[in-house]
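Chains here go by letter, A, B, C, D and E, matching the order in which they are written, and residues are numbered from 1 within each.
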Amino acid sequence: EEGPIKVGVLHSLSGTMAISETALKDTVEMLIEKQNAEGGLLGRELEAVVVDPASNWPLFAEKARELLAQEEVDVIFGNWTSVSRKSVLPVVEELNGLLFYPVQYEGEESSENVFYTGAAPNQQAIPAVDYLMNEIGVERWVLAGTDYVYPRTTNKILETYLMDQGVAKEDIMINYTPFGHSDWQNIVSDIKDFGSAGKKTAVVSTINGDANVPFYRELGNQGISSTDIPVVAFSVGEQELSGIDTGPLVGHLAAWNYFMSVDSDANYDFIDEWIEYTGDETAVTNDPMEAHYIGFNMWVKAVQKAETTDVDAVKDAIIGVTVPNLTGGYATMMPNHHITKPVLIGEIQDNGQFAVVWETPSTVAGDAWSDYLPGSRDLIADWRAPMRCGNYNVKEGECGASAGEQAKAAE
Amino acid sequence: MSIPRWLTFFLMVLLMTTAGTVSAQQQDQTPEALLEQLADASPRDTEAAIKAIATSGHERARAWLEAYGNNRISQVEATGRIVIVLNNRGRDWEVADALTGENLGEMSRRDLDRIAINNAVRRQLAGVLAMLDLFAKDVAVREAAALDLLGKVDDAIVEEVTARIEEEPDAGVRNRLEEALAIYQVEEQGSLDAIEVLSGSLHPRARAALNSAVASEDPARKAAAEQALASIQQKLRLNNAAETLYFGLSLGSVLVLAAIGLAITFGVMGVINMAHGELIMLGAYTTWGMQQLLPGQPGLALILSIPAGFLVAALAGIAIERSVIQFLKGRPLETLLATFGVSLILQQLVRTVISPLNRTVVTPEWMSGSLVINDALSLTLNRMYVIGFALLVFTALMLIMRRTRLGLEVRAVTQNRAMARSMGIKATRVDIMTFALGSGVAGLAGVALSQLTNVGPNLGQNYIIDSFMVVVFGGVGNLWGTLVAGLTLGTINQLLEPWAGAVLAKIIVLVFIILFIQKRPKGLFPQKGRAAEG
Amino acid sequence: MPNESLMLQIEKLNQYYGESHTLWDLDLDVPQGQCTCVMGRNGVGKTTLMKCIMGEETVADGSIRFADDVELTKQPLEQRARLGIGYVPQGRQIFPLLTVEENLRTGLASRGDGRKTIPERVYELFPVLKEMKNRRGGDLSGGQQQQLAIGRALVLEPRLLILDEPGEGIQPNIVTQIGEVIRRLIAEDGLTVLLVEQKLPFARKFADSFAIIDRGRRMAEGEIAELSDELIKQYLTV
Amino acid sequence: MSIMTELAARDRVFNFLTPTDSPVDVRHGPILYLEDVNVSFDGFRAINNLNLTIDDGELRCIIGPNGAGKTTMMDIITGKTAPDTGSVWFGSRHNLLTMSEPDIASLGIGRKFQKPTVFEALTVFENLELAMAADKRVFPTLTAQMKPKHRERIEEVLETINLQDLRDRPAGILSHGQKQWLEIGMLLMQKPRLLLVDEPVAGMTEQEMERTAELLTSLAGKQSVVVVEHDMGFVRSIARKVTVLHQGSVLAEGSMDQVSNDPEVIKVYLGEEA
Amino acid sequence: MWLTRPLQERSTQLFLGILFFALIVVTVLHLALPEGNPLHVSAYTVTLLGKYLCYALLAVAVDLVWGYLGILSLGHGAFFALGGYAMGMYLMRQIGDRGTYGDPILPDFMVFLNWQELPWYWYGFDMAWFAFAMVLLAPGALALVFGWLAFRSRVTGVYLSIITQALTFALMLAFFRNEMGFGGNNGLTDFRDILGFNLRTDATRLGLFIATGIALAIGYVVCRGIVTSKLGRVSVACRDAEARTRFLGYRVERVQLFVFVVSAMLAGVAGALYVPQVGIINPSEFSPIFSIEIVVWVALGGRATLYGAVIGAILVNYAKTVFTGVMPDAWLFALGALFVLVTVFLPQGIAGLLRKRRKSTDDGSGPSESSSTSEATA
């Protein structure tokens, strides 16, 4: 095959998600530029094909189809929200494409065509809760989230997990708010109340996107400091913080697999490149960007290994591929299409960065199916031959229908 | 700075309480060694290291601890020198030598190792610092320190706190200290007297302590604690009601602010201005811009943003009016289409020119925190200002519409343009001025909102629907209606929220609007009579 | 007639509504200090002519000279009121949601003297307006609205008053009163009146001269006394 | 009687719904009956203990000063305004106060408004078509077809109101007087039992007034007509019985001569010379 | 009959002619030409066109109520989405035990959230006839209840517009709630087949495209039938002078209700056809901004013309597709500018432009298309 290798970039550049996704588009473009500067891939140039699905979920599917069917891209990097991934999923499966999905998500999914380079719940939520429980001594929990699948699932998993750990039901408060919720007065006041029951209390926040700014502001104004009731967030990264006056937030926590403040040479190099690429001295990096960095390098390595960009070959080649991550360790693509990641807990600082306060001793492999949900306890995913199954039921010893069908279709 | 006498005293106290952990030898440590110890300490040892610094009597000890608490202590990788980070933004940080305070200029972040701190340590640190503050001259500082100590008293400092109660001249501070002590006593010793002390307290920590006492085995303690809690609960209910009301008013005033400009451009002029949200956004970005222009003076910048935000949005409004709306006279519905286009353009403009990311708008000192009525009821200051601001803007607007010719002329022009012109009213000028006024007020709303929520390209989108809802609910063309509607909807929402949850509360409010309009098809304050039917 | 005494001199006026030609080469002189009555059947273009003078409709060509020196066709609409032309349109066109007083106050905008209050004379003429000062214009009865429209035009203290069927819907004694007021204003203030009227008795009684329009053309003009039955038969009956 | 048979014949448009055969019960005399009606707006009494009776087939003129309450009275009859107290009966069977505007209209009360209101976007022809007496419910309207006899009827009225040439032009472009005629035309199309005509000749020439007068007099007898007008010449030419309203109640009633010589009427309404 | 009348009309014949011609051309180009051929219409394009046609039908529905009845509905997205959900529920049930968790009855998201049994309102959706009936009935019933309340109390103008907006907003929030049992934010997705045809084959896609074209044709004829009937003229009368219409004996609220319900049902059909083609239905279709966008399509195409609505919907969405592809960073500028320019320079929308053309060429007075002078918000 001649001509450039096409890399599809499927991130919203307008609409509500543009805030988060624009930087990811730039990241992929930067990585491509760098790869080209290093001589391309298999002797061919890489070319980014950027489209704007405009934060519109059906449009994601349409654009994915456009990328795969019209533009015939060899791989897609894209999506942020779960719903956009769910929307795209049937398309990549049908047209047998490759999708690298860089954001932490609720798990409960493993597709043959999708590689999940963000964290699964066991790579973010559970370690964070462990930290709070063991290191801070938290006994009472507020699980606050935006009302959609990721928080719902995460909270469900956490609830089960906490109860397994002996936390009483009345020590868990669950609260959901709509997207973009901006009036937190009542909820923060409730949290304050909940926290005055005599047990150390913490908030586990899966509050999404824009809603965080007013939330943290309200926390600050109602005088809830991190020493009283710490908040550990799973969706607040450097980029979100860059829009917040972080003064009052110092000490609140976030759990990620990467922080910009991580002290490693790979990271510093990446930051330097990023700042140079964007031309903005204040530009920040964040976890999903690292996920793209890892995903991109894994794909490159897999293509080199397979010596072709052919999707099936790459799919087979990529399992087991190991590349360095930005925190000084390595990430490996697991057979369930999730990767290994370290889990870091960081505290917000007044400069909008996180200071790492805790870290898992070794990397954690992502679980496609949670051990804490009844429906998925017995499921595993393994895309190697001969199993080739995204939801193999170990108890019944058979592959779930849909995946079985796909496997058949693939042969 | 000489070592105050109290510090020696404090030192002794600490020595006594932590006897054995801090050996005499550590006393003589050089400052370098003290910092070294902090830098090298494993999580378990940090406590000792902090105490060592606190008791060292070094003149910079406090500065170190504060810097440490703020995550500002780092070690230069190559030399092992301990530095205090003065500015930690960007890739190169400005640092000063911890020992001498000498400014060492900028240093790449790569070359620095941060000395880690976490919340647990920070808590201890806060206790230690608060103890230090208890000796301050300023009563306010002492009071704050005492308040800070609530729930932070532990075995290490209990004696000292007890001692301070004796010495403390100020009654308020003394009460606080007693409360702090009582919390400790309730939690650790289950003292009945202490429960008594706490029974009037509204502070959440006190309640926490009492709650823990309720869980106790001892029936007497349990009963006493329950009784204390019950009396607190009583007071709390009242306070909660007041708080909810305040929340309602505050949400309401946000709605009013967002909608009031629209009440002019849409309500009075009849332009379905879909770009209203983006005009609000411009006001918010003006605030951000002002703060960028005046770094370090967020308060001044905010105040200057009020005229600036008005001006920027008003100019944008004039531009919209001149370039689009003037061509749509007599076609009000089409203004929807055009201004929708304008709104898309403005949004993307901000994304392209400034950034798709949210911008940081700093809340000035005097606007952050809250006005403490009592321990259970404190009114957040930023929202209080917003309520006041909303009322101010409303009054000013009301005066303009009532007292100046503009108010009369704009109504005449919208009701019958040709006739108004036949009466000699300069309709074009009236249009420009009114639209500018409405837009400017939207800008003011933006300035206020920048203190409450995100300043980003989506800001406007989040308020446009609510704004229309408020204007229409109040009755189109009626400014009072907008005020009442905004406050009503805000309050209803906040009243519902505690029991219905945020989502359901919002749904109920929307359904309420739908049903209410059935009852009053022309809003809260309808135009009655023949005139309205036309 | 000497030229100086013309308040309005219309020459070869043509007007179109889209493609339909409504006024054809129309000439009309309105002498100063007199009441000129324009007559004609329904739909011949009387109102259109008035709108052209006020500027609510644009003319295709022709000229309208006001008080000898101003070419009205070149003036924007607002300016014409400021020159001293008061207009009482057909169908009243009051501002329905403004109160009676506010309706009247709109007329203050174009007064040269910057006066801020409504001339007492208006209330004297139409006491009902004072009585209903705070009622909304749209709530008034038809005749009250008509009175309001006339009052509003008088607030400007115009030099030229254009009345398009002013008596419509007004009770007889007030119609007479309006006629008398017109005469009084002409006599006292030297007002010029351009009147559109279908009712012959009224025209005969209060107008000085007449002009008859048919299908957009001026067919006849002259002193009111010259308005013969023949003309009436020819142009005013169906 | 025939209603029952009609009810049985469900396949046809109910005749009793078409106004000409409306089951208005006029056996006891009056077709319209207002008793002790009061209306006030924000404390202002627009109608004040009004009592009025219109006989079947009568042509009644109502005059009175501006603001006397004439239009308000029509508003009450047609259901636009609800009175504070009082009763309004159409024939002896229908209590108009309990009915909605369309119900009242389909009973056979037609109205011409003081300020001509026509459907500006529709053509003159379509305006008349909509006014035509027919089953006005949704589905019959949807499936309605223009029959030749309907077309003839419209043409006839077009001729009466002299708007043949403008039949396909939107009514919005009509001059004031032309709109007046169109409204009258719409009223004719409706074939109501009772016509309420508010200032029909405002803006008409002398000659047109005569035609209108002829038209209204020819209707009387078959239909009942209530005319409100300020043009005394016109009123005189058609009037049999005249009612004078003042401040919301009847000031005088009688023949034109009686009324026009009544000093009260002269004082508040006619002025010295009438 | 009122439905056949439009068929005799030149403009409708022209419209249907163009539509069917386009359907046939696309089908032929898709089936007959090999993939490499530059004229080949790919499956991607077919689906895209299918989506445009759904939007066109939706726009026609909105134009019916806005253009002819004067009701500016800012909530028509709700009916579209309800139709879509009805179809989505059917498609979900068709997945059967092929879902990730293999539950024969419960859709994946319910298993996922620990639901034990199917909520009652999901019953019956496994049967095509029931689901398809619901496509009409669900939006129709909502429109009936909502319209009955609103029109009975004579809510008009902006008040009506805003409560329609409140309606769709409330529904959006409700459907976002996971407790509602409609999949929350993720909505319904991962469909397999429809009426036994695999949704992931090109043939099914082509079939859906053609079905949408036919639905649009029928919808257009229905709307045209209504507006050319006497009822259509009554609608215009209601639009321009509601009170006056009442005095002629028409029950304005019933006319409004009837037209509104018909329009809602058409919107529901559009939504139902949309869902299998784009592969997902989620609460964002309820978002007020989407409903406003629909109105914008209609205004851009030309209000009160029906075919204008079709043109507007197709044009705007085509522009979106093109712009988001060729200038992903700046497409909003282009789209925004398009809206502004059309409003300022083409007061009657694109249809107005066409009409002017036609007028100047043959000067025949076409069907009495009403150009509104008074607006609903006046």
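The rule is short, and it goes like this: a contact is a pair of C-beta atoms (placed from the backbone, for glycine too) under 8 Å apart; a residue touches a chain by one contact, two chains touch by 3 or more.
In UniProt terms, the chains line up like this: B, E = Branched-chain amino acid ABC transporter permease; C, D = ABC transporter ATP-binding protein.
Only a predicted model underlies this, so the values are computations on that prediction, with no experimental measurement involved.
Participant: Hop distance check: chain B to chain E, minimum number of steps through touching chains?
Facilitator: 1
Participant: Please identify which chain has its centre, taken as the mean of its CA atoms, farthest from the centre of chain E.
Facilitator: C
Participant: Could you name the chain whose Cα mean is nearest to the mean of all protein Cα atoms here?
Facilitator: That would be E.
Participant: Report the inter-centroid distance (CA atoms only) between chain A and chain D in whole Å.
Facilitator: 74
Participant: Using the average of all C-alpha atoms in each chain as its centre, how far is it in Å between chain A and chain E?
Facilitator: For chain A versus chain E, the centre distance works out to 36 Å.
Participant: Taking each chain's centre as the mean of its CA atoms, how far is chain B from chain D in angstrom?
Facilitator: Going by mean C-alpha positions, chain B sits 66 Å from chain D.
Participant: Please list all residues of chain C that touch 2 or more other chains.
Facilitator: Those would be 139.
Participant: In chain A, which residues are in touch with two or more of the other chains?
Facilitator: 13-14, 147, 178
Participant: Residues of chain B that contact two or more other chains, please.
Facilitator: 347-348, 461, 503, 506, 529, 534
Participant: Under the definition above, what is the set of chain B residues touching chain C in their complex?
Facilitator: Listed in rising order, the residues of chain B that touch chain C are 405, 408-409, 411-412, 415-416, 418-427, 477, 527, 529-532, 534.
Participant: Name, in rising order, each residue of chain E that touches chain B in their complex.
Facilitator: 72, 146, 149-150, 152-156, 158-159, 162-163, 165-167, 169-170, 173-174, 176-177, 243, 288-289, 292-293, 295-296, 299-300, 303, 329-330, 332-333, 335-340, 342-344, 347, 375-378
Participant: Using the touch rule from the top, collect the residues of chain C that touch chain D in their complex.
Facilitator: 17, 41-43, 47, 90-92, 128, 135, 139-144, 146-147, 165, 168-177, 198-201, 232, 236-238
Participant: Which residues, counting only chain E, touch chain A once they are in their complex?
Facilitator: Going by the criterion above, the answer is residues 42-44, 47-48, 51, 97-102, 109, 111-114, 173, 176-178, 184-187, 189-191, 200, 278-280, 282, 284, 320-321, 324-325, 328-329, 331-332.
Participant: Touching residues of chain D toward chain E in the complex: what are they?
Facilitator: 19, 78, 80, 100-102, 105-106, 110-111, 113, 117-123, 126, 129-131, 136-138, 141-144, 146, 168, 170, 172, 186, 190
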